[in-house]
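Both of the next two complexes hold subunit A, though its partner changes from subunit B to subunit C.
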Partner chain A sequence: MLSAILVNGLVLSGIYGMLALGFALTYGVARILNLAHTAFYMAAAYGLFFFLGRMGFAPAALLASLLVLLIALAAYKLLLEPLREHEATVLIVTIALALLLQEAVLLLFGAHFRSVPALLPGFVEVFGVRVAQQALLALLFAGVVLLLAWALLKGTRLGLGIRAAAQDQEAAELVGISLSRAGNWAVGLGAFLAALAGLAVAPMATLEPHMWNAPLLVVLAAVVLGGLGSLPGALLGAVVLAFAEVTVVNLVPGGAFLRTAVALLILVLVLVFRPEGLFGTAFAEER
Partner chain B sequence: MVRMAALVLGLVLGGGSLAQVLRIGVVGPMAFVQGEHTWYGATLAAEELNRAGGVLVGNQRYRIELVRVDTNEMTSVTDAATAVERAITAQRVDFLIGGFRSEAVLAMTEVAADYKKPFIITGAALDGILAGRVDRNYERFKYLFRVSPTKSSDLARTSLLLLGEVIQAVRRDLRIERPKVAILAERAAWADPLVETASRLIAAPPPQGYGAEVAGTWRPSATATDVTPELTAIQRAGAQVIFTVLSGPVGVPFGRDWGRLKIPAAAVGINVEAQQETWLKATDNLGAYVATLNTLAPAVAITPKTIPFITNFQARFKQFPIYTASGAYGALYILAEALNRAGTTAADAVVRALEATDYTGPAGRIVFDKTHDVTWGPGYTTGLGVQWVEGRMQAFWPRNWRVGDRVVSYAGVRPYQLPPWVVEAWRR
Partner chain C sequence: MLEVKGLSLLYGKAQILFGVDLEVREGELVCLVGPNGAGKTSFLRAISGLVRLEAWLHRGTKAGDIRLTGEVRFLGQRIDGLLPHQIARLGLVLCPERRRPFKELTVEENLLAGGLLLPKGEVKRQLGFVYELFPRLAERRGQRAGNLSGGEQQMLAIGRALMGRPRLLAIDEPSTGLAPKVRALVFEQIARIRQEGITVLLVEQEAARALALADRAYVLSNGRLVRQGPAASLLEDPQFQRTYLGL
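What follows is the complex of A and B.
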């Protein structure tokens, strides 16, 4: 059972991690609580499905992620940046954007379930647990993407600017960092991460226009658990929630439907004792 | 001269036709396959009836005019009730057929009862839509009837018979005397009694039960997008059979993950997603060998009307009909026959005529019981057990089904096949 929890938990952590990091970036730098984040993930999955019918996997994946990037940047420039000071309005606009994307997908593809063929069919046994090869590929992909994102944030001037803007906007501006430019990059990178998560999940998931709802709740919980605005916190939150879900299914089979509820209960318990989230203090100290 | 002028005027204004019009509201979630097929089934029947001269009511011939009522019931019960009210008050429909989601149908039928409009349900299974309403408050709910599917408790009976068939196959082909059965049921109210009954029946010794062992019960959400942890846990529990009770979207991830991981347990039961012809496409062809109860299957003649219905439906709509299609098709014929027998369009008289229905449609013989529900059983409507084999849906039940002195078999039904990886994993 332990091996099942370990293997399935790791696979789920990779997907949640990519989504949570993108969400945390967008909030940390652009101060946008983007509820359309997982709708970008859904749009990328559908984009891949659409383009795959016309070309190979690599160009289809590239086009799908570029399409999502374009939508996200256009939405940021046209709708979100002008309203950035009005947090509640921004929140509502992102919900509207998510619903708009959902309805557009419903209109274009209908409510039928769709699937994307797996790049790697079949399964392998890891510690006696059957794992789809595609899931391992997705985990590897998520690991590489997260490492690259980390390298970008930690090892480049651009990343330094983004992190500076995430830590203290006023101080960042005082040392000559353009908040608008950092915001553009953060929103773009956040949406790109969501798109990559969509591409990783598409061959394992069932595509349907409401597929963005369930992960949104988990991602929100992960970033709050980790400490709103903290990038390492978001990742840790994603891992904790993923393992919590998998553990529930394995320990309480009759209560498998409670997997998300238990994950959220953990969030509530953590917040009772640490209202700032797991990395909240460190984040505050950095500020 | 005046009468002649009136007749000419009538012909001009009436577009050259003297026939009266029966406006029938076809209700359903039209963006979804269930609603779409309700509309298609009704359309096919209306076209056939109109081509044959319409419906004779008394001395008057009526042309059927269908009104498409999109209920949006998948996401909003309120929208569904409002849509029905609008259809009755603004679009002036005389009768209603359709409905899919039980919660929404409960609300919609309240509206129909308020306005005393006969409503023939073609897609919702909950027992309580009719039981406890028509029998306890006849005057208010007598306008409600159901032609498809059979009510939840009857669906449960059929699905348990299918489970018995697969347990037999495991005993026969794998030589496992006491197979282990895992129950995978979505967390929904309708599934609870089925889980309870199945648990009891699986473990009970024959002839009351199947003499097998319950390996465990897993209850994922009806909208879960990943059931890999559940499936790996089922594999670890050593189950040879998975009894599925899935009506929601979770049915697709189940089929996909089950096929991808080659879980060594045969899947049988209820999986609504596997009833549709898009199943293999939706599961990336990984849903092969999944077995589920269904209403129709290709090349299976439940009645003499089954094959012509499927052929005409496919020719007209290029899709294989799901149960809401055959339900709506039958409902329109049942209504037409009842109107003909009643000799009037007055609701109460039509209800009395509907109660006397004995109609053989594409999915079986429909006779209403005292709650206005379709009668289940041999000689009436039973449903089918279908399995995805060699890229297509194939029926495996009823095949030599013994009920008392009767043996029930439908033409075109083939034996059930255990998935090859299950045989490979367990053959001794």
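What follows is the complex of A and C.
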């Protein structure tokens, strides 16, 4: 039981980690609380499903993620950036965008469950737990993606500029960082990470037009737990949410139905007892 | 080097600056003094592009109702329509009020962020220069900037601005909120920066100390320039002494 929690928790941490990091980047730099974030993840999964009928896995995955990138950047430049000061409007627009994507998926693919064949079918035994090889592949993929994202943020001038812009917009501009450019990068990277998460789950999950709802709640809970705007906080939050979910599913009878409730409970508890989250000093200080 | 002509600033209906004319020549240290709320910070925000940024970030809302008129030229080029990152690239860098370090970044990352203005190959040398000027920062290079003392944060803010190798460095109230000893150190360091050949526009509350360093000074009051001249003659002027030096 314990090893099942460990193994499945790690796999889920990878997926949630990619989602939460992307969400936190978008919020931290572009100041967009993007409720369509997991709809991007869904769009990538369906994109993969669609293109797979026509080509191999790699080009299909690439096309799907580019498609999501395009949707995200277009929505940002045309709708969200011009409206950014009206926070409530931004929220409404992002939720509308999510619903639009949901309806588009419903229209194009119907309400049936769809699935993407596993790249690596079959199971292996890890610490005495039977695990789908595909899940291990997803974990490996998430690990590589997160490491690359970290290397980009920590080890390059672009990453430094993005992190500086997330801390203090005015001070960042004063050292020559273009906020508008940093925002484009953050939105692009954020959406790309969401798309990669979608590609990683597609072969393990069933695709349906509401598949973005539960992960959205998880991502919100993760970033609020980690402290809105904190990138390490978002990753830590994702790991906590993943393990909480897996633990409940494994230990509580009927726990599979409680997945969403776990995220909701954590979200509410954090908001009540520690609204600034674990690392929540990130950008309280804004002129 | 910097020429400001008839600069006026309105936030909504509140006028903050009234036709300010000011000039800084290459190699000078010019001081801008005046009581709290006179508009000194607003002036620096206007010439550094922060006012334009503020208007752009808040466009379409009440907070974005900002009017900036007049002319600002830097090295002969009009800059009053530019954003801060464009102005910084031209060589006018502001070390802002309240220091504004990137708190979650380390000291060295803060400095490297300041060095984003430079071509990659020149960052290391500039970092060496800043560490030599502020050895304290070298000792703390791995620390989170938010954990530094006020004086260290001020050094970091100046060091970060210097990392972009500015032609003109504008500094807003570097000594405010620091202990007397640390203040003295900050003024020494500003004198050093000036010796390095960097032109400085300094805004200070502590007028006596600032004027002792300066070549020329301007006095701002209620958004208007009320006096200007060589720093030495202001220091000796009895009326100025009474009003601004509390003598």
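The rule is short, and it goes like this: the second predicted complex is superposed on the first by the 264 of 287 C-alpha atoms of A that agree within 3 Å, B and C clash if a C-alpha of one lies under 4 Å from a C-alpha of the other, contacts with A are read in each partner's own complex, and residues count from 1 in each chain.
Throughout what follows, contacts are C-beta pairs under 8 Å (C-beta built on N, C-alpha and C of every residue); 3 or more make two chains touch, one makes a residue touch a chain.
All figures in this text were calculated on a predicted structure; none of them were measured in a lab.
Student: Regarding the shared-chain residue A:Leu62, is it in contact with subunit B (first), subunit C (second), both, or neither?
Tutor: In the superposition, A:Leu62 touches no partner, neither subunit B nor subunit C.
Student: Contact-wise, after the overlay, does A:Leu99 reach subunit B, subunit C, both or neither (first, second, both, neither)?
Tutor: It touches nothing on subunit B or subunit C.
Student: In the superposed model, which partner reaches more residues of subunit A, subunit B or subunit C?
Tutor: With both complexes superposed on chain A, more residues of subunit A are touched by B.
Student: Just subunit B (first), just subunit C (second), both, or neither: which does A:Asn8 touch?
Tutor: first
Student: Should A:Ala171 be classified as contacting the first partner (subunit B), the second (subunit C), both, or neither?
Tutor: second
Student: Quick one: classify A:His86 as touching subunit B (first), subunit C (second), both or neither.
Tutor: In the superposition, A:His86 contacts subunit C only.
Student: Per the contact definition in the header, classify A:Gly161: touching subunit B only (first), subunit C only (second), both, or neither.
Tutor: second
Student: What part of subunit A is shared between its subunit B contacts and its subunit C contacts?
Tutor: Dual-contact residues (subunit A): none.
Student: Touching subunit B in the complex: which residues of subunit A?
Tutor: Touch residues, subunit A against subunit B: 1, 4, 8, 11-12, 106, 110-118, 121-123, 129-132, 134-135, 203-206, 208, 210-211, 214, 245-246, 249-250, 253-257, 259-260.
Student: Mind listing the subunit C positions that touch subunit A in their complex?
Tutor: 48-50, 53, 57-61, 63-64, 83-85, 88-89, 93-94, 96, 100-105, 109, 112-114, 116-117, 120, 146, 160-161, 163-164
Student: For the complex, which residues does subunit B have touching subunit A?
Tutor: For subunit B paired with subunit A, touching residues are 31-33, 74, 186-187, 216-221, 223-226, 228-233, 235-236, 249, 252-253, 256-257, 260-263, 273, 278, 281-284.
Student: So in the complex, which bits of subunit A are touching subunit C?
Tutor: 82-86, 157, 160-161, 163-164, 167-179, 230, 281-282, 285
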